[in-house]
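As written, the chain order gives the labels A, B, C and D, with residue 1 at the start of each chain.
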């Protein structure tokens, strides 16, 4: 566990250092990538360890974001820490409730239940426009964290933006916690249920309970990412709940190799930078390029990015031996 | 004349070694009984012959031609058909549609050929005629078994593979099935019957192959 | 014989147990009892209802009618997971195993489940690895000739059967139900497997019910035999008095 | 009098909406039933049918053909688009992923969706398209003082005829029955000599053509813009779940139920217009995870 702490500290130091030198735009992109990796890390637990494909994480992301937006608009909470805690609590609670429904289903049925939930949230956000602002979305003013640090701006050291600092800090903490989750008994139970559900049951493990916990944790992470997204982006709209956003999260998870949280960390950075620059340079056709890359990856390297890295590594080892 | 020759065949399902170097052959016009307990590898053997499972080593020779790598449909085209243990009728097609399915698939059969073959099948199993227009899911297990065998016969194959054909049949029907297999034999159809129960096979088989734990234990001529 | 003593020794009592699937009477009015420490083999031809009986006792299926009394408690509505916690553990005919774990990890998962720590998601597994648990894993691997660090997906068919049984023993069961533990392994491995199972069972005083179709195995290892056919028990006693081996082979279709 | 008018309009709206849902979800469910793949790009097929009919209708009109020929243009566009997509997408892409795990199949078809959406943008540009001529040409129907576009009735009739033809094809032709038996039991169909590869291509093409025809039919009633179809695909998920995965008849009945639920909700509680469909889906998944009509197969 000490090793994990060091690993996280090193990552934190790197991110911190990067904040001093990178431009504001790059910091923004990197922040967004970290939020995406938070959601994808939840999916690593759910898909990679548990074998359940959720196409609904975008909904929890949106619930986190809209919790902040609506609490700000209607209840006037000005403390970012309270908004953060409440946003995450609400999302976690909802993901627990959806988990109760979804944990009984598997495979396609599970994927579809999560899509359905996602689309319910999306349509509610669009149709209840007098509350949610509809497709125009909501503006999020820059509230202050602990009464001193605005969640957006440049009040911190040198060129580092506040939101970048907040996000990398929380990201590192979550990384550390997730390392624990991955080495916990529950993670073993998840893998057991994924590999051989019936055998797990005959060892006294309840698949439903295991899946509810994993689903709730994934929702918890998406909730954190969503609330932070509201702080980061100043403006939120219902598209983040649309099922294609969830599809992006699933893609990042696969790109990262499904079972590696560092893999998805890299994958989400790669994905968002790729997407952003594709939009800049090709305007309308970024989806084409991304779709093409996904398809090639699946057809040629079924294990994802870390699969490719793994192959190269193994290849070298074999090469050295002979 | 040897119709089918199985030479040193090894079959794996996943990583599990199911058939271990099995070899046996069947002469044209013979009835061969493949006997062994549950899980011995009988169904695997039949599925390998029809082409539903790939073999890892060895070969299967049919009429002098190595068919080990042919897809199932080409083996059907060469005259091998299969009736699975668990009947596997298409439950929302009617009984007659189920029987005709292989004819439609083959594409090369004329209407009159189909009618002729169907008539032969109905001669072997006259009671099927009575419920031929019912949905396959609405007939009893024993009747389904008959239909499944009829479906394997309608192409008038050279070699028919029957997996546990007597299971679930009432003794009277089972005895009639014995007579039917004899009738098929007189038509020149070669038959492999996989059974865990010797009772019926003993009465009809020319040769009995005993399989256990994926290995051929003995081959005996049955008097 | 003293009646109360007799009862104290009784582990499982099955009374007029029935399981119908539509019109098929898979288990049709079965009654028997098992005492602590007994080793029983259930034999019978294809479709005799052996596996269904195991499924009923282990809770994988619920009976149509009848009673299952285990240590004085009625089980008909108890879930499989509850029964595991009560000490009824089973293996499956075709072992489904945890392909992404190693032998050691699989055993630890099972032991954590036994200790009711399996749902903890914040604590590192290593924190649970007291000496005693490590020793337990080592012993089980030793007993069943398994290498701790070997990934499950690289095990041979025989080793998979053994790991399946080792996992069952790691739960420290009172009653162990094994569904054809030697099916699918080659004939030279089968005695070896049964040998190991019974040695550990004797050591741990586990009661064992085995479904088996191999006459040689049954004859050599099991003092008590239950012969089933068409959902009913036809014989319950020692092998010697059952009937001639030849006729038995005929019945089993060997 | 007003009540009767209202009832007629509810009835018509339900039928019209159900025919669109059915065209897309019957096809989706057929592909799922036969190929065992949930095709996330199925919705884009609808869009392709719609866009191609824009091109066809426009060129028909620019050749100076009379407006009533545009209905032929719509049908041609739907059929050509479906057959083209069927014979390209299945053999080139889907065939390579049948043996893969579910998540890769889902992601591959998701990627296909992204690609096809941009292909649409590439061909037809990012702007909106309208072809109202076939819609306006038929004029309005007067129902109890309320004028109701006749094109909707046309859409409904044609849609039901297409569904009926599909039904007859699957139930009364040899190929139809072979497709059904492959869907029901792939292994045994193989053993009976079925060329499963070809059946897959046919089934996918039929499913795709139903979607593209659906697209062609609705094209005159909406303004086409990139991404408009991604809502339809999730709607058809809901239908497919309620009808039972792979159950073609179930998908049809579920389309009716969903359309009725939506029509009523629009009148009573318009904010829940789309949510209601997903709520029904959630309920069905909880109460009857196999779909409403399992056992009726």
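Quick note on the criterion: a residue touches a chain if its C-beta (ideal position, glycine included) is under 8 Å from a C-beta of that chain, and two chains touch if they have at least 3 such contacts.
Note that the structure is a prediction, hence the values are computed from the model and not measured.
When each chain is reduced to the average of its Cα atoms, D sits farthest from chain C. Distance between chain centres (mean CA atoms), chain B to chain C: 35 Å.
Between chain C and chain D the centroid-to-centroid distance comes to 51 Å (mean Cα coordinates, whole Å). One finds 42 Å separating the Cα centroids of chain B and chain D. Averaging Cα coordinates per chain places chain A and chain C 44 Å apart. Viewed as a contact network, the protein chains form a single closed ring in which every chain touches exactly two others.
Inter-chain contacts, as defined above, occur between A-C, A-D, B-C, B-D.
The part of chain A that touches chain D in the complex is made up of residues 47, 53, 55, 101, 104-105, 107-109, 111-113, 115-117, 119-120, 123-124, 127-128, 242-244, 247, 250-251, 254, 258, 284-288, 290-292, 294-295, 298-299, 302. Chain A makes touch with chain C in their complex at residues 1, 177, 180-181, 183-189, 191-192, 194-206, 209-210, 213, 217. Against chain D, in their complex, chain B makes its touches with residues 50-52, 71-73, 76-77, 81-82, 84, 88, 90-93, 97, 101-102, 104-106, 151.
Residues 45-47, 93, 153, 157, 180, 183-187, 190, 213-214, 250, 252-254 of chain C are the ones touching chain B in the complex. Put simply, chain D touches chain A in their complex at residues 38, 40, 93, 96-97, 100, 102-104, 106-108, 110-115, 117-119, 121-122, 126, 230, 234, 237-238, 240-241, 245, 270-275, 278-279, 281-282, 285-286, 289.
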